[in-house]
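Down below are the structures I want you to see.
Here come two complexes built around subunit A, the first alongside subunit B, the second alongside subunit C.
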Partner chain A sequence: MDQSNLLEKRVGVFICHCGTNIGGFLDVEDIEEYTKGLPDVVFTQRNLYTCSEEGLSQIKNGIKEHNLNRVIVASCTPRTHEPLFKRVCSEAGLNPYLFNFVNIREHCSWVHMHERKQATKKAKDLIRMGVARVRLLEPEEDIEIDVEPACLVIGGGIAGLTASTSLAKRGFKVVLVERDATLGGLLRDLYKLYPICEDATNVLEGRKREGESYPNLEILTSSEVKEIKGFVGNYEVTVDIQYPRHGIRIIKVGVIIVATGAKVLIPEGLYGYDGKRIITQLELEKRLKEEREKLKRLNNIVMIQCVGARGDKRAYCSKVCCMVAIKNATLISRLNPEAKIYIIYRDIIQVHGTEYEDYYREARDAGILFVRYHPENEPVVSDEYVKIYDEMLGEDILIPYDLLVLSTPLVSWEDASNLAKMLKVPLDENRFFLEAHVKLRPLDFATDGIYVCGTCHWPVSVPEAVSQALGAAARASIPMANKKVRVESIISEVDKDKCIACGLCASVCPYKAIEIKKTEGGKKAEVISASCKGCGSCGASCPMSAITMHQFTDEQILSQVKAVLP
Partner chain B sequence: MTDVINVSELDPRFKYEIAAQPGGENIKACFSCGTCSAGCPVREIDERYNPRRIIRMALLGMKEQVLSSDFIWLCSTCYTCYERCPQDVKLIEVMNVLKNMAVKAGYVPSVMKTQIKLLSDFGRLYEIDEFDNKKREKIGLPRIQMQREEISGIIKLTGLDKL
Partner chain C sequence: MPKDVLVIGGGVSGIQASLDLADMGLKVHLVEKLPSIGGRMAQLDKTFPTNDCSICILAPKMADCFGHENINTLTFSEVREVSGREGDFKVRVVKKARGVDETLCTGCGECIEKCPVKVPDEFNMGLSERKAIYLYFLQAVPRIATIDRDNCLMITKGKCGICKKVCQRGAVDYDQKDKEITLQVGAIIVAVGFDPYDPRNTSQYGYGRCKNVITALEYERLICASGPTGGHLVRPSDHKEANKIGYVQCVGSRDVRKNPYCSSVCCMHSTKEAILAQEHNPGVECFVFYTDIRAPGKDFQRYIKRGMAEYGVIYIRGRVAEIIQDEDENPVILYENTETDKVEHMKLDLVVLATSLVPRHGINEFANLLGVDLDNFGFIKTDPFNTVITTREGIFACGYCQSPQDIPESVAQASGAAEKAAEICFR
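On to the complex of A and B.
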């Protein structure tokens, strides 16, 4: 389309019924009539579903037939549909930055379902604001950035190892940084893995051997990430290497995978934990590995589930402990079929998937007894017995024990927040790393070019950690394979003449996207376009009004405010 | 039953003994969902009868309590639990195993003894007289012959009369 024509504003507004989602609660015809009278609006159309094939072609036709140079869709949420509508504009020859989204579903019909009149009025207000803004939008181009075809993997447990190997296999350069002296993480302490009782050592050694066979996979043990600078495609990572020789390495990578794992909670002060006769499942794994003869001689084994989990302090379910308990109980019963084994569990036993259900049944068949408790009736542990209220009998039962095993949850590392700060990625309330979207982007962070897998995200079993690692490796290989990434140019720009290099913008920027640099005209703030997420913090803080937010300029925002004020 | 049940005083072999009998094999598969108790028509009338609870007691090893109780004799063999059990515990058959074990251990409720005597005396649980047979004839059904001798013979042979 002829860009010189942009001076004459020709706005087209497409109003979506969203089936009955909008159409059932707002007077859409009335909204359309109203919209026709707004400044520079030359075309309006109502669609049953604007996002349908028909709706999209109506946008394209509208742009072509009415020579539209600004487009508004009033429908659902930009979170799901903005990329689609922008692409359609682009296909019709309109710069996608000249598109404006108005949400009349979440903001009107859904929240004001029972107030048709007022909701309709609100939709008109929002469209009026949208029209005011869209008239002032300027065409922009996406920013294209080169990607360093190398990946940093932080953490050398089964997840990190798997992700590294998978990427190395594809020919990418990979640097795996592990802070311990050896690889393997939690897997080093495990004996057998459920549900097929594979030897944990075999699984780990196999993966290690495979990883070590790739010359393009560099493994740094006894090493820690100290600093991360840069942005997607161009990260500069400082690694502190302790062994064999102390030193600092600067590594350039395009993408980063976080696989730092978790640890098992030590239940100090709970149920008389002493690490000897009252131990954790992880300690039991070690004994199964090294002291099977001693375990064979024990007759009474009791396990308690959800110790230190699903309470006020730690509300979450650690997901793997039920299967771990069933597996370890089964292993003990195989060592000593005469052993009397009780698993005291809370509410339910977590066995999902057919193979785990079978495993649970096998355990019951072996004579392992499952006793349920409720949090208001927790087990009471004395020197000889565990006392538990059996709800089916309606009475307390006393179970003697030679070994009491506490199933404690996987918890995050205390210093997870340090790494999170370095990476500028969020943690959840339990200090686990938080993904960009629980359903649509489960292995990505909101920050481009950084991915997550394994127990640093949430407690998972080995098969799940491996699946996630393979997924994260696949995600991480996309920018590396494309060699370039495109980012939207909704970014800030510094007017060098106005800038006094006070540094306020750099200090408030949550993405480290502004640096103060020496220029010919003295020190000036400079925006790293690829890192900028367009949050606007710098623009709002600048005392000299030297920062412009592209797509959200003061003028554009104020026009919306003026449009909505009576 | 005491207020606290001490597991070390119970018989942990009990569940294996049941599982070793034909029909009792699946008892350990029970995961206490309660489907059996929820659908049981006997339980609707008598709260004391609770199949899930009986299984639980058996699994815990409460051998004496289970075998000496009246509950195991209350099952009406309607097969509702048998059909519905998600773990295929075959409760009716487990109950039969428990009854056999109870009898062997010398626990026979007096009502059972009465029933055995009725069977032995009449060949049926209640006596058929002319009144019944006339009614049958009216609607074209054959007469019922009392088979006292055969039945009492079987009872003698199996030793049921000595319980």
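On to the complex of A and C.
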């Protein structure tokens, strides 16, 4: 279509009866008559269903026969139908950004079913507003960005390794960066894994072998990410490699998976922790791995749950410690069936699901004793005994111990915030990475092109870390498989002449889509089109009115306000 | 040439797996046996721990899924036969006769309005009635009417025909036949979800005998603004507002005689339900009768604390022995308080049973048809360290049908299953 023609505004309005959904409650004929009188409206049509094949071809014919250069459909909700109508406009040669949706079903007939007159008037108001806006719309093109078909995975524990391997298997180039000298993360220190008492080493070695078999998976150990520049599809990552030779590598990737894991809390100052007779579950794993003979000779083993967790400092439950304790207690009882093993737990044993509950039951059957404590009556540890108030007996009991094992939570790395800053993604109050949506986007960040899995997001078991890692790989593969990302041109734009680089816009942007950059005219805000979601926060906050929202300009919005105010 | 994928089950897991695969560029056939996609999540009012409106966050995904150019959504359809092997499965699907031409129906509702037959509405857990031609629920996707062949007067008795007469699009077709479709796919993802346990099998809890004892899923519909009472929290017996509500945990769960496992989500959904009761009707008294509070997910502990501190939800540690009703049909809970070791009872207006969530009815036959094994509990058996891999190569599982889990876990696992299917289908 000849774009110069857009100077003369020719608006077509299609009004839908939606069967009786609209037609039964509004005076649609009256609405059409009214619409004919609105400025620049040159064509109107009522459809029984605008979304039916018939309705759609009426839109196409209208555009062609009446040379329409702006189209309004007054019907249901843009959530379900806007893509359809935009596509039809496009097929008829009209730039789809010159389409405007007016909702007279949800906003009129459905909510004001019993007020025909008022609802009809409201529909007229909404259409008048729509016409005011559509006259000011400008043609736009979708923004398309090329994607580098390569993925950076940060962290070489079970999660990072699984994600890398799967993507490599699918043929993508993957760079796995691990800061330790070896892969494996927490799994390296574990003995057996619940629920089937598999050797952690076996699981890990199997995964490592598979990963190493793909030439398109590059593993950089003793390496750290130092800087990340760019946006979805086009990240430039600086990696500092310590070994075998110190050097700096610049890596270009399209997407990033964060799988940096967590660490086990060392309970300094709690319950007499000394790393010898009073140890953590992780230290016990090591002894189970290397000093089983010694462990066999111990008769009294006591474990305390929720050490350093679910208190004022760390309010959360670390999810895995109950199962770890039950598993380790079971392993000890198998080594020495005569051993007296107590698990002192604080009000809950987290063994949700099927097999874990079984595991718990079997542990009790094997003679492992579970004693409950209240936070106001915490266990007291002396040299020989753990003193605990037994609720059943209603009195203190003394449990002797040869080995006291403290179940401490998984905590985030202190430097998680550095990485978060580099990636421009948020952390939660416990410094775990914060996903885009708690319910429906558990593996994405709000920022496009970056994904999360494993214990850096929240404590999880090995099986759960694996399924999350596969999921993150699936999500990360989408832009790579398409080699492109396409975004609607509903984005903000900065007027460089007005911008004073105050940085307010960059600080309020939830998608980190604005950067303050040095230009010839001094520092200026710059929008990364690929990352912008068009939310408008920047535009609203700019003190210089230097930011324009495409498709929602001040002028367009004010025209609607003026149209509705008497 | 990339191969297609079959996804069985159109709940949130199936939708997520389909969307991921379709966005990668693979063609997906999503088979859902009900007239609409959406699954159990569509029936929930709000979701923990953010109290997001369930259908409001799910509906856009449903629309994305149905409208996706790479997804062939087959609703009201069932998988009947699977043959072949990984990379090359042949699947026979039956698209059941809906009695309505899907290409013509616009979901306007004219036929539903005029249909004279009323039957219990399964989406609302039987708490309201629907017609014999119906939309599965208000936000159903696709928005296409379905004729209930067992109750339609025209089909059962040969008289009526009103819906056909009023349909301006000529979409009603009583003689429509089941249609067989054969699909060729490289991988299969199973995401068939769960059924709620029938608490009549734990008869001491009075369900079915005491009018004001309902299940959690019934409660979700009751408290939902688009539910049978428009969101008014009233008791079934007299439609009076419920001011004192008990939420009973582990009904059929953690019970060696019934389901020995923990259903994983009930402590949290009961807390949510109590919080919602407070939001609907501040001052209502809420009591949760629990065995242990199992809440290990992200921010779950904080949610429980919030329930106690901000909403005054009272948690009573004690397994309920029996629920009876007094002469005014008020349920009375008899329980042992295991904190005080005392046997106590409490009279309430309404009792909500957090029933166990169990494998789908007919899961054994379904597993046979697929050629996959089940675990000891009837969930689809998977690799202990790769929980999407079933016992048959090329078939993957995700969501509650694999093991008890909540929505984010199901969504993450669905993406994981999609990844495994993609490994095969892009090969």
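We adopt the following convention: the second predicted complex is superposed on the first by the 353 of 566 C-alpha atoms of A that agree within 3 Å, B and C clash if a C-alpha of one lies under 4 Å from a C-alpha of the other, contacts with A are read in each partner's own complex, and residues count from 1 in each chain.
As a convention for this text, a residue touches a chain if its C-beta (ideal position, glycine included) is under 8 Å from a C-beta of that chain, and two chains touch if they have at least 3 such contacts.
Since we're looking at a predicted model, the values are computed, not measured.
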Exercise. Determine, under the contact definition given at the top, whether A:K340 touches first (subunit B), second (subunit C), both, or neither.
Key: first
Quiz item: Does subunit B (first) or subunit C (second) touch A:N482, or do both, or does neither?
Solution: second
Exercise. Could you look at A:R361 and tell me whether it touches subunit B, subunit C, both or neither (first, second, both, neither)?
Key: both
Quiz item: For A:F370, is the partner it touches subunit B (first), subunit C (second), both, or none of the two (neither)?
Solution: first
Quiz item: More subunit A residues touched by subunit B or by subunit C?
Solution: C
Quiz prompt | First (subunit B), second (subunit C), both or neither touched by A:I348 | solution = second
Quiz item: So, A:S166: does it touch subunit B (first), subunit C (second), both, or neither?
Solution: second
Practice problem: In the overlay, answer first, second, both or neither for which of subunit B and subunit C A:I397 touches. | Solution: first
Quiz item: Which positions of subunit A sit in both the subunit B and the subunit C interface?
Solution: 361, 392
Quiz item: Within the complex, which stretch of subunit B touches subunit A?
Solution: 1, 3-8, 12, 15-16, 28-32, 52-53, 56-57, 59-60, 87
Practice problem: Quick one: which bits of subunit A touch subunit C in the complex? Just the residue numbers, please. | Solution: 18-21, 48-49, 51-52, 79-80, 83-84, 166, 169-171, 193, 195-196, 198, 203, 310, 315-319, 347-358, 361, 391-392, 428, 432, 437-443, 453, 457-459, 462-464, 466-475, 477-478, 481-482
Exercise. Would you mind writing out the residues of subunit A in touch with subunit B in their complex?
Key: 340, 360-361, 364-367, 369-370, 372, 385, 387, 390, 392-393, 395-400
Quiz item: Within the complex, which stretch of subunit C touches subunit A?
Solution: 12, 16, 20, 23-25, 47, 49-50, 52, 57-61, 63, 67, 106, 108-110, 113, 168-169, 254, 260-264, 292-302, 305, 339, 341, 375-377, 379, 384-388, 398, 403-405, 407-409, 411-420, 422-423, 426
